[in-house]
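Structure in structure tokens, see below.
We call the chains A, B, C, D and E, going by the order they appear; numbering starts again at 1 in every chain.
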């Protein structure tokens, strides 16, 4: 494993970010003083109760929303718009696919003008088979189930071969089995390509299982309450890792940080 | 929009002996059609291109541009000239005489209109509100003591007039041939008279116009044009059947109508005195204030 | 074969024919007793006559050529100008009100002016058709440019260029709206070409309508009217068919697939 | 769509200014704007203009309201049901292409020279933009949104007032914006043809009398009329859509 | 507990239901021969991999989609449209809220014409506080986070006080803590009102914890592969129930039925 050596190189720096958004009765402070950094090739998960501001934070990191204060930089470059090599997978999958394009062409959207036809086709096919949708490639997205649409969006991001992936509850609509298989795919991709991943999820086990570090957002306005290193050995396995005692211990600590007695 | 004179002033550049002539499907244009069909224009060394345009109102602005000679009516000629459009009469077309009227005021007996005075409180359908027939009718009604403001005026296209009158949508109608024939076939219809003839015992209501410049610079051409019309007129008088065939060809009217139509009385003569009658009438009923020199409205006659 | 039957709108044609039958019965029974309003069977014989003289073919070709030319020009200018106005706020801010004012001007009143400028020509008809068809296309395009925010974000996240966002996201998303504009523009340009022919340039079907009316041939006049209506059906069918073919995904997503 | 700022009239004002500067005041066809004002003045003085505007506005507004009601109702039905759409579309397309001018005599035969005749002729073409916009919007409504009233057991009426109307309103308003000038144009056309009353009658008379300056003046009046209606509609649109969606 | 006595009365009968939907390359058989019944007051969960047809089945049960074959009846009445008293909570929460209505008015939608102003207000307030959104009542839904929108939809269904609730992944976008609290709210509601609930979820633990019976949809076309009674004692508790050995055993059997080695 080369993770440790790569951890030294900083990928993301998020400095004192604050976000205020309009609300029914005046502006609401959503985030305040959010400060953390992510190393190159690191897998960081963000947890937090519903409505704390995880999506908002991810939008700021992805350059889709300007912070009201503070700044974000990727690889030393300040974020003003979506930076090159950083791809976001949205929580709201129904609106993020183009309904007039078939699944295949939705996945090709980000790469079709950058590479040759053959390369495009092979990357699209690879991405689709990674998410298990190779058979539905010529369908329109509105004919797919929720979980399938979510997977199309993941395939679209993977086909881009991004340096950085920002994923907002990407497996939220998936059953345990499909989820497990995608989790392992993600691990593999990261191992092969050294992609930096920031991952929002509600599933504590998933967060601990996948991450190098888990961040918990809390409070209102929210900031980072817990930043927990996950020093579990890689590669990890669905069965053995989850039976590991230190896994159980880490999981417990995250649950506690979330204010949840049970673990 | 760009400035004036966007059209191509062809009459200046083109061959003056080639006349682009515009007219509608009125029988008044028959001599021109006959003259073309029977080679009379050719005989007078004139080449002609004939175009049928139903909306005569667009023509004063078009003479000198798209056309050289066009069919028109005195009221249009006078108003156009007064608004600074340089047009002049170059020939006469028809004249209404007592034995051969072409305009009609027809009432519906069912609606209780059998004399002009009955029109008060009624709806009168007219061809064109600003047209010759209506100006004449207004003068007539005024002389009969009718309160003009009590008559509701609507425009009804000639072909629809018969139905509108018999269905009671209008109570009286001003019309011309050939529509009058259809309307008068209805036993309810009361022919109240020819409005033109109420203005003068003999009156011309249709004429040929050209651009004033053209009229003054090409007296020879105009003379030949008139001569051709005269010859055509004679031909029509002598060859009724052939003439009616030409009429059918350019109007497309059904055979029965063609056979039943009484042809108008033709004249190629420019009747300045008739223009004076029209001008006086317009000043009387239309608030037409300006006095104008009628000599500028007619081409030099020799 | 079955495919062909599915494509031909049997029910639609039946409803249309039913309308004609009601008209025929109305006239025959004397319920509608007007010399000006013939019955469909007379219209059919009038139509036969128009066809046999070749008048119809010439007139129809003339009118359709003018209307379609104007419409195509309006399609191009409308979509381009609509995209610019929909996307570039300053341009919109400093010109939209002028366009709104121009849009309200009654084009019919401009026919005499158009005749003055362009003469009695097909050009004049094209200008009138273009002017009339421009507005629905322009407005629908501008409105269609208000794309769903999340789709645009997808585009920027995938680092599509501005041009690619326009070409791959905004325009396709606006397609159903633009097609509505084009359909409206098509019938409007047809109608106004006819008006231009009725009051201005003496040619085409519009002139056939007036001259047949003046010639006291309502049967032939209504034959002309019916031909125009049918031309409307056919042209619209072609536009929709073409749109379904070229913009398959967009039309399917908008529920417009056959 | 935000309502259009008035500064957008700038290009038009500049154009008219140039016309005023470089136009020939003697031109029988293209008199400069100052001439228009003096040509329309007499109509204002004898109040012909106000009566005419009143008559035209009545037909135009009633026509637009009727077209909106009919267009959105039929558009919604046709958008909801493919069989109905297929059954009606050829007949609708047929009607759509008919020239208003040739409908006038027929409508007058049946209804006489009345405001209702004008209305019939105006409503027919003004309906299409609203109908088509509404149809497209209805077609692309999310099926889930349509399931909501069903599963909540809303009545048919509630479904129309609480779901369909607000959901389709933006499309209807777009349709109205396209239809408004059409309705105005057709109103004027009918008035020019029949000279019953209204601005069209005055305009037609001015045109027949070659009073170009007055014609332009009257065109400006109709332009203002159309602009005002459009302004009202866009204001409504802004108010509604501003509440419904971000940005 | 009166559950056992009520179980004798049948609420739903689903007989040989089949569904065929159009696909890119011809019609696809989604469901075939789906046969099961639900007793009055029963809590039934449906599990299955992404895209098997859970949403489709729920739409058929809710009368929102006509089955291609077979029939569904509620309380002995055949379903032809959405039956009275049966309310569906949709998976696609973004499209199921009306964007022009505030949260409060979205929740009131189903009841506003049926009861007095006071009753409506009190029911809306109760439902909103049940899902923890009382403070955001005057917000528009598009200003809320995904999980919040999902909860608004749940509140809307609860405010209706339906006899039957059909819920399609209702807690999919919620964090563990919010989810646990809502799970317990559901239990309580059901205990108080005897509501029949059919619940689609991807969370096996949730299914076992909440249900009287778990159904697993599988295959293509899908039918019911497993129907497992969950005879755990009620009321259940997040900690003690989940430590119960029979709970663990049942959970294991469901995982197995889903084709998932790990439990």
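List of remarks:
Rule of thumb we're sticking to: a contact is a pair of C-beta atoms (placed from the backbone, for glycine too) under 8 Å apart; a residue touches a chain by one contact, two chains touch by 3 or more.
Source: prediction; values computed, not measured.
Common neighbours of subunit C and subunit D under the contact definition above: B. Seen as a C-alpha superposition, subunit A sits on subunit E after a turn of 180°, to the nearest 5. Chain pair with the highest count of contacting C-beta pairs: C-D. Put simply, the C-alpha centre of subunit B and that of subunit D have 37 angstrom between them. Taking each chain's centre as the average of its CA atoms, subunit A and subunit E sit 28 Å apart.
The distance from the centre of subunit A to the centre of subunit B, each centre being the mean of the chain's C-alpha atoms, comes to 84 Å. With each centre defined as the average position of its C-alpha atoms, the distance from subunit A to subunit D rounds to 51 Å. Within subunit A, contacts with two or more other chains are made by residues 92, 95, 102, 140. The multi-chain contact residues of subunit B, meaning those touching 2 or more other chains, are 1, 57, 61, 157, 159-160, 163, 167.
Shared interface positions of subunit D, i.e. residues touching 2 or more other chains, are given as 29, 105, 109, 207, 246.
Applying the touch criterion to all chain pairs gives A-C, A-E, B-C, B-D, C-D, D-E. Put simply, subunit D touches subunit C in their complex at residues 1, 4-12, 29, 83, 86-91, 93-102, 105-106, 109, 125, 128-129, 132-133, 136, 139-140, 174, 177-178, 180-182, 184-185, 188-189, 192, 200, 203, 207, 215, 218-219, 222-227, 229-231, 246-247.
Across the complex, subunit B meets subunit C through its residues 1-2, 6-8, 24-25, 51-55, 57-58, 61-62, 65-66, 157-160, 162-163, 167, 178-179, 182, 251-254, 257. Residue ranges of subunit E in contact with subunit D, taken from their complex: 59, 62-64, 81-82, 84-88, 90, 92, 95-96, 98-100, 109-110, 113, 140, 142-143, 156, 160, 166. Per the touch definition, subunit E reaches subunit A in the complex via residues 21-25, 47-51, 53-55, 91-92, 94-95, 102, 136, 138-140, 143-148, 151, 169, 172-180, 202-204, 238-239, 242, 255, 258-262. By the touch criterion given at the top, residues 34-37, 111-113, 115-120, 198-200, 202, 207, 210-218, 221 of subunit C touch subunit B in their complex.
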